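To start, the structure under review is shown below, and the notes come after it.
Order of writing sets the chain letters: A, B, C, D, E and F. Residues in each chain are counted from 1.
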Amino acid sequence: MQTVTRYFEDHAVGDRRVSTGRTITESDIVLHAGQTGDWFPHHVDAQWCAEQEFGQRIAHGTLILSVAVGMTAGDINPASVSYGYDRIRFVAPVFIGDTIHVEARITELRDHRSRTDVGFVDELVTVTNQHEAVVLVLTHLYLVQRRPAGDPA
Amino acid sequence: MQTVTRYFEDHAVGDRRVSTGRTITESDIVLHAGQTGDWFPHHVDAQWCAEQEFGQRIAHGTLILSVAVGMTAGDINPASVSYGYDRIRFVAPVFIGDTIHVEARITELRDHRSRTDVGFVDELVTVTNQHEAVVLVLTHLYLVQRRPAGDPA
Amino acid sequence: MQTVTRYFEDHAVGDRRVSTGRTITESDIVLHAGQTGDWFPHHVDAQWCAEQEFGQRIAHGTLILSVAVGMTAGDINPASVSYGYDRIRFVAPVFIGDTIHVEARITELRDHRSRTDVGFVDELVTVTNQHEAVVLVLTHLYLVQRRPAGDPA
Amino acid sequence: MQTVTRYFEDHAVGDRRVSTGRTITESDIVLHAGQTGDWFPHHVDAQWCAEQEFGQRIAHGTLILSVAVGMTAGDINPASVSYGYDRIRFVAPVFIGDTIHVEARITELRDHRSRTDVGFVDELVTVTNQHEAVVLVLTHLYLVQRRPAGDPA
Amino acid sequence: MQTVTRYFEDHAVGDRRVSTGRTITESDIVLHAGQTGDWFPHHVDAQWCAEQEFGQRIAHGTLILSVAVGMTAGDINPASVSYGYDRIRFVAPVFIGDTIHVEARITELRDHRSRTDVGFVDELVTVTNQHEAVVLVLTHLYLVQRRPAGDPA
Amino acid sequence: MQTVTRYFEDHAVGDRRVSTGRTITESDIVLHAGQTGDWFPHHVDAQWCAEQEFGQRIAHGTLILSVAVGMTAGDINPASVSYGYDRIRFVAPVFIGDTIHVEARITELRDHRSRTDVGFVDELVTVTNQHEAVVLVLTHLYLVQRRPAGDPA
């Protein structure tokens, strides 16, 4: 983990990062249930799940979301803050033992409505499992400072 | 936690739920850093934070999001699945020791583009701290079955 | 989780609550060993357990007790405090992967020896596994306020 | 931790063990809430607690019980099994930062109603805080084998 | 856990302690990755590991080291402090489900270069798995007070 | 986290990496006690510690060691394996709330005694607190492949 200042102008549509893999474990689900208080049987009742559509426990949506966003936390950029997420979609379930990978790709650079010192960088985050099936997508919005006048690129 | 079947028609715009409070602790942040792998100094370096804008460590956005969604997990509804979230916005930081409350209010009932057996229920989730300041908002989208023909309300 | 005031007079012998299921995982045992400091080989040494009576690791008694009591924590009742437990009995072992359910049934309403403003509500907590075998029983004693004079039921 | 075989006859009323101290932390409460699913505001809502009788968050009864029993887990005795607990009483609240000590003292040796190869050893477990106030008591019942005929003491 | 004062002179080369066993679980690895921030695929990516030399995830070196040292923490000795470790060697990988045992044996008693009130006790810590293969060795250095003049042995 | 192949010849004495900071919390100590089973009062009994030399609880040596090594886990290098550590020394205590930084600097490149395809890279790891006092040092030994003949630098 290192600190690298990257201004709005230093980003380009199509810039792409990919993560290493991470296997989602039963332990992750237990810890996430414990952190969130969400003990829905979909996540923690193996007996009940055996008779449902998927036949087994599935990871919480917020677990996969949190881990995926964490896996994209690379360099620390003092010029950038996390503004929010758009269009989070749980496309397919993640089961215990599945290994996920995350790709983050810049899809748009947008002006701020009123401020000229910052702009928005939209990064599409796509999470896939070991079968290369997409399980989660979201757009991560960063509010990024524009390069100060006189600052060399 | 109980199981209650509620069809699309059983929801109405304005339906509202409020949670009890939960204090966000240093322990929550440590556990969330550990679960997500996000050890950004904003969350885990008190010395560095002392010299930043907020003067102290702040909770991960995904921590507050996960806890807030967990705090809205009430009855189990077999007719409903979590479809995704829209417009997640981190409005203000959450500090160690802050106590959050969550309000969930249905804002819209929407038809599905192609399917007639289901509809979307949009629930606006608003997280406030002990000063009644909003810290996070998001819209939770549920895909909910419509009441089968012949099924009494 | 909601707050509901229920006085001594609002309880009746035979009142009954049942929980959803929860699968006891290896992770639960590791976390409980870590919380309590009880690393007895019965719980954490699979090799040794393979040669003992049950052939596998068993959950700590205090783990099942804590989870079971937690699973009965429903509405918050400001008129009631947890006074203690009687006759906790570990009837059968709980193994990794077992799914437990909890039933709580009021068995007795008792006067307090000296105070007239409160009474005892005894709730029998019965924990069963996926084979419907009882694994743990205990009686939970609540000290509950009597309805104030003039307060309508 | 060592293995020491101690038969029923090797125990005597008055035998006494004392533990070192352990400070109950906010982290313990967060982990216990996570393990049990008990997020009652008494344990996790500092803002609400500030206006209640004790003015602060209190530890779960099952947390103190589990930790206390864990602190009495000394030698492994192959001749003894934990049978259950009697008369668990939550005498006083335990707050974040309190340091508890545990004393275990044998109070009674009892015959089994029908079996002659085992007997009951009753151990009174008393938990005190740093002010030497008792916070929890319980009686731990062990079912212990009697010394086999011909086995030297 | 008890407090026992043992001076430098109370130790002898060849003194030996052995631990009970402990099974290293997937949960231990997840918790250790979370505590240390080391999410290397060797530990948390089952899919990638399947194609590597060992064919499966392996425990962190620091996990086995920490657990092994913890398993040798027996009596509290007020006359002794942990000074450091020498020659830590990761001899063989530890896999999920392996059960480790720890042996600690005093290999040398050494004078301190300049102080006459203390000496070094070197303890060789050897960790083996269920196949009796050595997986980790290290030498634990304790700085131990010499018996005060006039203090009876 | 990215994968970068770096052969023995790609390292040079003096190569230096520095980490961001991390505050050691009470929660870290509780989790480490739970993972290792080391509940010595030095780490978990605030009341007892108040009367000892340091006046407060101190972090486990293995906690700081594990976190520090984890903080140096940067790029994944397929040509390198962790061979062990030498001369781990606990120079000063780490207290709750201290913020540590880690510097890793290559101090020596050494031939292997018998193999010509690999060499040793010795990295001195120095951990300092917020007062820039050294709290821990160790030498991390990596066994690194030499560049294959014909492989361009």
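Keep in mind that, in the parts below, a residue touches a chain if its C-beta (ideal position, glycine included) is under 8 Å from a C-beta of that chain, and two chains touch if they have at least 3 such contacts.
Molecules present, by chain and UniProt name: A, B, C, D, E, F = MaoC family dehydratase.
Values in this document were obtained by computation on a predicted structure and should not be read as measured data.
S.K.: I need the common contact partners of chain A and chain D, sorted by label.
M.R.: Both-contact set = B, C, E, F.
S.K.: Going by the touch criterion stated earlier, list every chain that contacts chain C and also contacts chain D.
M.R.: Under the touch definition, chain C and chain D have A, B, E, F as mutual neighbours.
S.K.: At the interface of chain A with chain E, does the proportion of residue numbers present on both copies reach over half, so same, or stay under half, so different?
M.R.: different
S.K.: If you tally contacting C-beta pairs, which comes out ahead, B-C or D-F? Let me know.
M.R.: D-F
S.K.: Quick check: how many Å separate the C-alpha centres of chain E and chain F?
M.R.: For chain E versus chain F, the centre distance works out to 16 Å.
S.K.: How many angstrom lie between the CA centroids of chain A and chain F, rounded to a whole number?
M.R.: 29
S.K.: How big is the gap, in whole Å, between where the Cα atoms of chain C centre and where those of chain F centre?
M.R.: The computed centroid separation for chain C versus chain F comes out at 44 Å.
S.K.: Going through chain D residue by residue, note those that touch at least 2 other chains and give them in order.
M.R.: Those would be 1, 20, 25-28, 30-31, 34-35, 37, 39, 41, 76.
S.K.: Just say which it is for the chain contacts: an open line, a closed ring, a star, complete, or other.
M.R.: Contact map by chain: complete.
S.K.: Inside the complex, what are the residues of chain E that reach chain A?
M.R.: Residues of chain E touching chain A: 25-27, 30-31, 34, 39, 41, 44-48, 57.
S.K.: Under the definition above, what is the set of chain E residues touching chain F in their complex?
M.R.: Residues 1, 28, 31-32, 35-41, 60-63, 65-67, 69-71, 73, 76, 82-90.
S.K.: Sort out for me which residues of chain A touch chain E in the complex.
M.R.: 20-23, 25-28, 30-31, 97, 99, 130
S.K.: Within the complex, which stretch of chain A touches chain F?
M.R.: My answer: residues 1-3, 19-20, 76.
S.K.: Which residues of chain B touch chain E in the complex?
M.R.: Interface residues on chain B, with respect to chain E: 31, 33-35, 37, 39.
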